[in-house]
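Listed next: structures, encoded as structure tokens.
What follows is chain A paired twice: with chain B in the first complex and chain C in the second.
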Partner chain A sequence: MTARVVPTEVDGSGDLGSMTGDPGWLVVAGQECRDLWRSGRGLALLFCLSVLLSAVTYLASTNSALNFLERREAVNLVLQFVVGVGVLLTLVVTADGISGERERETLESLLVTPVSRRAILAGKLIAGLTLWFAAYVVSIPYLWLLAREVGIFSRAMTLGLLVGTLVALGLGCVGLLISTVSNSNKISLAISLFLLVILFAPTQLPSGLPAGWFFDVIERLNPVSSGLAYITGQLVQAHPWSEDLSFLVSPVLTVVLAGGALVIAGPRLVRLTVGSN
Partner chain B sequence: MKRAVLLASLVLALFAYLAAPAWAAPLAVQITPDPTRVATVLGGRFTITTEVANTGSAPTGNVLAHLNVASMQDEVYVDPEDWSSSRSVNLTLQPGESRTLSWDIQAVNAGRFAAYVVVLPEGSEVSGAEGLVVSPLVKIDVETRSAMSESGVVPVVLAIPLLLGLSAAALRLRRRR
Partner chain C sequence: MSVTLEAVRLTKTYGASRAVEDLSFAAEAGEVMGLLGPNGAGKTTTIRLLSTVLTPTSGEFSVAGQPWTAATEIRRRVGVLPESSGYPRSQTGREYLRYHARLYGRSGQSARALAADLLGQVGLADRADSAISSYSRGMRQRLGIARSLVNNPAVVFLDEPTLGLDPAGQAQMLNLVRDIARRGTTVVLSTHTLPEVEQACSRVVILDRGRVLVSGSVAEVIRAAVLERFAQLRVPPELVEPAVRALADVPGLTVTQAAERPDVLRIAFPGSATIHADRRDGPNGALMAVANAEVPVLSYEVEGAQLSDAFLKLTRESVG
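Here is the complex of A and B:
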């Protein structure tokens, strides 16, 4: 049995935001960001990312056997790590969003605050995205080290920001959706991570395998692999920006579908459930 | 009988001579590259033009002009596809006609290299005995850009994790207090 709490779309005078002078979503986002960053959790995750990027950058930049094109591939590799790990961090944080509140038994008190449920979801999504943006900022020195020599630094940074934000936003929405329907944080995180593994699997197939139409369809349907394929085309093959735009259809669709589902169904899904609130 | 065989042989030889394609003879083509020397940096893009002229009295037939890049240093491996994605042009030249071909090149290795264009007959009738015409080489000197040394990389790859690790540890300590 589910303890039904009627979603109250609070606006105007009753909104917590109107009491503090800020919109409700901004208040929730601020609180979530403080929890994430002041606790040291965010920095600890960024530390792990920086160790990974340092190792890859050191190996790639001190290998004198790499030629010009392989340097571009090294930039591409680091950027793919940044996007991949940044998306993973966003997904993990957003997957904790609602199910974590249920598990910590804080959802009830959150729901009685005068903030709309859409504002709660938006605030949690923004907090998750801050991890992606932080990962992007951390990657700047590494990309500068590798890309300045081959003159693709600004291109790599622009691509990383656009494609990474798109993929992180889409998967952040997916993570929140999973979180809203999960009673347990473990279930929510497990489903999210399993989803991420499924999404990354096609990117790990050996390049020597025959790539037929089936592989092409899988790659294009997958927002992660298609986003990374767009980056590779731009950085390594130096394609014009408009050449591989079809690769961005899947990340855009993920944002539209998952974001639309959150906006439409979110207020009904963020509710108290029996056993874990 | 002998006269008949001799006559038949002569007729066959005449047919064979007439039926042979025009380009079976050595190609009368001259290739002039411009410039003959290029100095650039790693990743630099430049264009070489070659003027291909038919200096003979017969049409060239279908010929293929093909760009190649070779290293003049033993230890440097060259993949010409990396240097230029479009390296072949088909053409036919009438006697006295010439055509200027442009080759867009990107220097993807550092070192000393030679680029040259070869013109060869093309088509299913090519027997393999025909001659090739090779252009004078274009010498390409490619300098490395700011070479990345360990001393330039190590501070960054150490400083960032250190900074983040210390910040995370400081925050945790502060929360515990």
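Here is the complex of A and C:
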């Protein structure tokens, strides 16, 4: 096979003629989504989620021997499960964002394009969030099945979208930050999973434990547990929207702090190797 | 010819270690500039600085009229084939080029057309829709070259483009390099394969431990290395003595006789000697001296100094 570059006049102006393309962040996000979904990675994760969700929903709604939950609590359980797993998936995918490019040696090709490093981060964050939104969409029939009888379907869906998106956005930013300071995927994923264990540990404590101020502080500092606590208050105790809003401070702060760190420090952190500049 | 790439006292340090130091050179449009140096000389760092992936510690550079501070504008005007270039293995060649064309602001339709065009130019049209994971190393390198051209760049940096390629692949790569330069694009070619540089480059910069040892045309670099050159002179066996006497009058020459072939004289010229008709210390001077002594010359072969010799001498001197 002969290769021959056809001589074309180069003007060196950088003007590519029809510069009517999409902004860089959108191009990166589109490609990342294609890589995530078409490679089958996203679909496999979603399949696992739907299998688990089916089991949880089945146990919570139909099995009379195991049906120990009041229906509102069953909706709450399933929604918490969806938010928890959706957030986990987002964190895992974003934690691969930059460290994965470093490991596959594809980062330099991306850095030499005119797309800014902020736009690269934004594109990867959006792609990670699609997993959360897909998990949310998958949960719709399950929640409808459980919530329609007690008339809290729309409330559950709205809560799930609000709290889940907030927590997924915050942890997505955290995952990307971890990724920018990790030279390999193994390190990035290990740190992210360790973080997840820490964040989810308070949600798994037995409910019979005496609640003290320390547990309350931990629960409110933790964006996952405080977000889930807000959902519980709304769905199980039927609190009005404005009540328990303090539980959303931690998820909002996580978005502001981690997102702010990405915007401010991200361009300096997205380097070929950690520590170089 | 206009200068499209200029570096002035470019320095990059990592703590106390200096990756490149006081680098100054220029390249013109349509020129192929070879960036040479032993491992760790600073070639890749130089390319990363000039393609704005790294920020210089001091000094400055410009690419296609854009100062180094206008990093985004420079990135619009350069194409890069990095040394350790990975590829998304699940994408096809067409998808890969289309994606990169869109990163440079092309619309989807324009990117599609460009991808098809470039794949054809680098000889990958028939594998355009195959996954990159099924490409050979040579095919991946050609795909990388195609990617470096998606923005019709003024300057292309190719870091070790022939690494791991067989001789046919290397020759094909060099043809591509020459073709790119013919478009008016400046090509900066970093390589260890010196014969490639002699074939393709009009200008050479030799780096060692982050510093420019020498720069100029291949001939100028060889001359700067002050390499000793050699010639073999064959005369009739009975006239060896008069020939040696005649050569003794030429300044700077050293003449030795091969033990196994007494009729063949090996002449060493000083490094400063050049092939000029008016120079008495060079190969022409030696030939004239023998001719003036009325010694018939049966054969006379001058060995050309090679870039590889100059490279080895210069880098060895630098280490010494």
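Note that in this section the second predicted complex is superposed on the first by the 246 of 277 C-alpha atoms of A that agree within 3 Å, B and C clash if a C-alpha of one lies under 4 Å from a C-alpha of the other, contacts with A are read in each partner's own complex, and residues count from 1 in each chain.
The definition used in the following text is that a contact is a pair of C-beta atoms (placed from the backbone, for glycine too) under 8 Å apart; a residue touches a chain by one contact, two chains touch by 3 or more.
Just so we're clear, the structure is a prediction, and the values are computed from it rather than from any experiment.
Novice: Just chain B (first), just chain C (second), both, or neither: which does A:61 touch?
Specialist: first
Novice: Hey, is it chain B or chain C that touches more of chain A?
Specialist: So, of the two partners, C touches more residues of chain A.
Novice: Applying the document's definition of touch, where does A:138 land relative to chain B and chain C: first, second, both, or neither?
Specialist: first
Novice: Answer with first, second, both or neither: which of chain B and chain C does A:257 touch in the superposed model?
Specialist: In the superposed model, A:257 contacts neither chain B nor chain C.
Novice: Regarding the shared-chain residue A:149, is it in contact with chain B (first), chain C (second), both, or neither?
Specialist: The first partner, chain B, only.
Novice: Touching A:195 in the superposition: chain B (first), chain C (second), both, neither?
Specialist: In the superposition, A:195 contacts neither chain B nor chain C.
Novice: Based on the superposed arrangement, let me know which partner A:39 touches: chain B (first), chain C (second), both, or neither?
Specialist: both
Novice: Go through the superposed model and pick first if A:51 touches only chain B, second if only chain C, both, or neither.
Specialist: first
Novice: By the touch definition at the top of the document, which applies to A:106: first (chain B), second (chain C), both, or neither?
Specialist: A:106 sits against chain C, while chain B stays out of touch.
Novice: With both complexes superposed on chain A, which partner does A:187 reach: first (chain B), second (chain C), both or neither?
Specialist: In the superposition, A:187 contacts neither chain B nor chain C.
Novice: Need the overlap of the two footprints on chain A, from chain B and from chain C, as residue ranges.
Specialist: Chain A residues touching both partners: 38-39.
Novice: Note which residues of chain C are touching chain A in the complex, please.
Specialist: So the residues of chain C touching chain A come out as 4, 14, 29, 48, 51-55, 64-66, 72-73, 75-80, 82, 84-88, 90-91, 99-100, 102-108, 110-111, 121-124, 126, 142, 147, 149, 151-155, 172, 175-176, 179-180, 182-185.
Novice: With touch defined as at the start, can you tell me which chain B residues reach chain A in the complex?
Specialist: Interface residues on chain B, with respect to chain A: 42-43, 82, 106-109, 145-146, 148-150, 152-154, 156-158, 160-161, 164-165, 167-169, 171-172, 175.
Novice: Given the complex with chain B, which residues does chain A contribute to the contact?
Specialist: 38-40, 43-44, 46-47, 50-51, 53-55, 57-58, 61-62, 67-69, 138, 141-142, 145, 148-151
Novice: Under the stated contact criterion, what part of chain A meets chain C in this complex?
Specialist: Within the complex, chain A contacts chain C at residues 1-14, 16-22, 24, 27-28, 31, 35, 38-39, 104-106, 108-116, 272, 276-277.
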